[in-house]
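This is the structure I want to talk about, given as structure tokens.
In order of appearance the chains are A, B, C, D, E, F, G, H, I and J, and numbering begins at 1 in each one.
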């Protein structure tokens, strides 16, 4: 077995593939994922597993230099908003309209990681950094 | 979106395919899954998501008439053992050696659902019932 | 076996994949489905199974916030038209030309569910809602 | 469109492939279909579509010289038993144990056609005849 | 075996898929079929089987509301031209340049059925009708 | 285009692959072809194209040193029997029971070429020769 | 075995697929073949097999009405140029810039046949004719 | 990018899949890997990369409870033998004949990791442990 | 381009995969290659390219420690026999019955390289050596 | 085994496919490789194997007439820059912006060879030459 870190086989591979500025989208269970996209569906039932628990695991595995959020999260889901900011305190943050967020995700995500999160606008694009 | 129940796309399909006496194996993250088997990897990191949370969701979705456990769970992981029995109180229970458990799973599982559980012998074969 | 709900393996998966504003097209057996589209062919012979029976099952499974119909159904197939409206009384309804309906379906359907219905313009696009 | 007969694309192909003594299994929604078998899943919800409606369509399409039933149907589901016999009155009938039925189906079915039937032992193997 | 009609497995499926205004191209053995197109190659040697024999079988199976021919057939292959018109006497007929014919076929054929016909311009696009 | 000979793309390839003692089975439309076998389906409707026309084309393309027939053809289909013998007058002929014929075909055919022939026992295994 | 002609399985199939004005490119071993193109790689080492030997075999198999050459062959490889013209004396000849040749080949070749030829500009596009 | 550990995408996935007692074979460039086996070919030229460098990286990633070596390494490649033992000082070691080693690898390796090592018998089977 | 050696893409890969005692079969154009085997078809027409030219190229690329020939070559094709022995003068030679040769090839060839050779028993199994 | 040169099976094939002006990109482990690109991942951990060792092996195998570097390497990684220039002293060198480099690589690389290099801008596009 792996000693530590992410043990999901699909995510382990995606993480190893990530190059500088490559992106993945981690989303709630209501997010409309385009057909044909690479999807790692971790969702079990609405509300489980939570977005924040998946993000914690990803932060341990990946160098993240920037995150992108939908503006609407600020008012519609402040609790989630703050939790995400706290988790990625050392990363830049871009805010875009949810409609724009979907477009960016569609053109630039190497993969979508779908969680069971069932609270509004609980979607984040993680943009990879590099340590050299 | 689905109104309720299991929202994981792979498990939703597997559940719909299940016929009488068909089986799936729900296992901890250390379980040696045979190459070529159908695997739904819900694991994220060691310990998350827990086996019992996944079993709860499956029990709501599927008619389970029998479960199979490794004997060793009784002494090596009593807490998990009791939690599983409590969850499937209306199902028959078979106990077999862990080595035998692996063989039964290998020949009769339509799929393996891998959780993040990281406690000993936390593996269960669910055998489907029928309501007619 | 599944306790209840849709037991068709393909539709069960599609339903679990549906995100907010994702769409599926449920059509009669004469509808020209584009090559390469995801098709669940439930049709057996002309007239069986009926569109309305399939729609009933889907309504139990999915949150539908909007439906799209071809205008021509109003005059050419009033009986079907009323049955559909009654079934989705809590959803918004858009009417478009049949030629336009085919284009919308082609660009936005995650899948086509083909029934045996053999009455004019018996096609409906279901647009998914979200309950958070 | 096809002028008449079976319009399901998968069944139309299977019917065209059938040679003398080739077999298909038409089953209820609880039947355990082996992994890897060719399946045409017509089921929508438990009870719909009914086995007898599917069998009627198949009888119009195919020359059937023999059918195989599980013995248990005689007592456990007499109504279905009589309906099937009536439908295939010009075919030979073999009765075998349900356990044996599953084995025969597994080794000799070109395909399984799954219906929504939800009454006991509502499964029949159709063995193709030839008209020269 | 099938009681009657088309027994070619590929064509049987294509016929069952055809919706209103869907098209197939039935062509001679010299027709340049685009790479990637769905092809049912019935040709054996130049001249066998003949186009007209294949068209007869298709006319029994499918509702055809319109056919498209290359203009050049009128003068370069009058015998074939008349035979085709006679066969589809109840269908509309469009005439286009052979170069245009190839483009129409390429963008709108669900499949090409290649015969052994070896006489000039012996190609016809069949456009499906609907009987409701 | 090819100057002459077999123009069917599948058969052209199979013929080019044939080595010494390799076999293909050319059969009538009622022959039960095993699942998974390589099939070139030339059949259109029952009776067309005829077995003998396909065999003529194959004899021009391939060196055939031996043919295998089902014994039953001698009495049940003498006309076909004589036509085949005449066509392959320079090849050895083996006669086996039809049940045995099916087994030999299943284990040793590189491909099945299905014709529209609809007369009894109109099946022949062609065994390739070599001219060095 | 085949009695005569091309015995390469891939080329045999390609030849049988060729329709009027369909094209294949036969090239030297340094020719940059686009990714994704259909390639029959006959090359063994630089210089073997020669282009002219492959072309001779193709000329026996296919009706060629036109060939396309790179202009540069006239001066840079006159010996090859003359040998090709002699071989296809009854075909039209187009000359284009090598850069243009690569574009034409890329958009219109059903396949590339790569030889071991290692002399400059030894590439030819063969355009198929029809004998009816 | 990944913060640390194995960044090879294939090995990252294999490591995440490993369950208790699952095995991988890390071998020199002359090792006969069975057809169809999962292979991660890290070799570049004979001698590079070295086996020991690859093993070091794997030891950081995976819990290894046992290794298997070919007996012949003890005499034929003592330097490598000692280096391997030193690296996996906390794992059990089995010694088998090289011929037996190949059989064990063939039946039990989830994957072969091929290095550039070009010294005799430089092959090791790593058997995964579990930390619960 | 490659500076030297084998430039055939398929053979280049197979050569790089070869481990100690791995085998490939280089055969004449009449050799019956089992279905499903990996085949590199270099044949163009009967007699071209010759076996010996292909073997020369392979000998430059690969370390061959043993070859296997059919006994019958000694008397039936002495010229070829001598040419092969001369080419692999530093390799061991095994002679087996042609029927046995075919079995050995079938179970142990990583690939078959088919040449145009059209002289009797011109088939050789090359068994790879190792230089450490 | 291969006598010498590149023994990686994927790179051996790519090298054999290379035609004049075909390109491959050899990059560090942080380079963002587009989804769907052909990737040979030689990376093991950050820093191993080094870019220069992989380039040495490639230079022995391939005729390289030009290389492309990101301008930024000159100042940000002079040591690597000089090492690369020294290695390809007989090839032309183009310098482009790193952002432009990524575009060129994306549209023109037959494959990406990913190394473990973890120093800035250690990426080079190799453009193939021809020796006739």
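We take it that a residue touches a chain if its C-beta (ideal position, glycine included) is under 8 Å from a C-beta of that chain, and two chains touch if they have at least 3 such contacts.
To keep track of the chains, here are their UniProt names: A, B, C, D, E, F, G, H, I, J = D-ribose pyranase.
Just so you know, these numbers come straight off a predicted model, no measurement behind them.
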Chain whose Cα centroid lies at the greatest distance from that of chain G: B
Euclidean distance of C-alpha centroids - chain I vs chain J, Å: 34
Rounded Å distance between chain G and chain H, as computed from the means of their C-alpha atoms: 47
Separation of mean Cα positions, chain H and chain E [Å, integer]: 59
Where chain J touches two or more other chains, by residue: 1, 5-11, 17, 19-20, 29-30, 46, 60, 130-131
Full enumeration of touching chain pairs: A-B, A-C, A-H, A-J, B-C, B-D, B-H, C-D, C-E, D-E, D-F, E-F, E-G, F-G, F-I, G-I, G-J, H-I, H-J, I-J
Contacting residues of chain F [partner chain I, same complex]: 17, 19-22, 38, 110, 130-132
Residues of chain E touching chain G in the complex: 28-33, 35, 46, 118-120
Touching residues (chain side chain E, partner chain F) in the complex: 1, 4-11, 29-30, 39, 41-46, 48-49, 53-54, 57, 60, 116
Complex interface listing, chain B residues touching chain C: 1-3, 5-13, 15-20, 60-63, 128-131
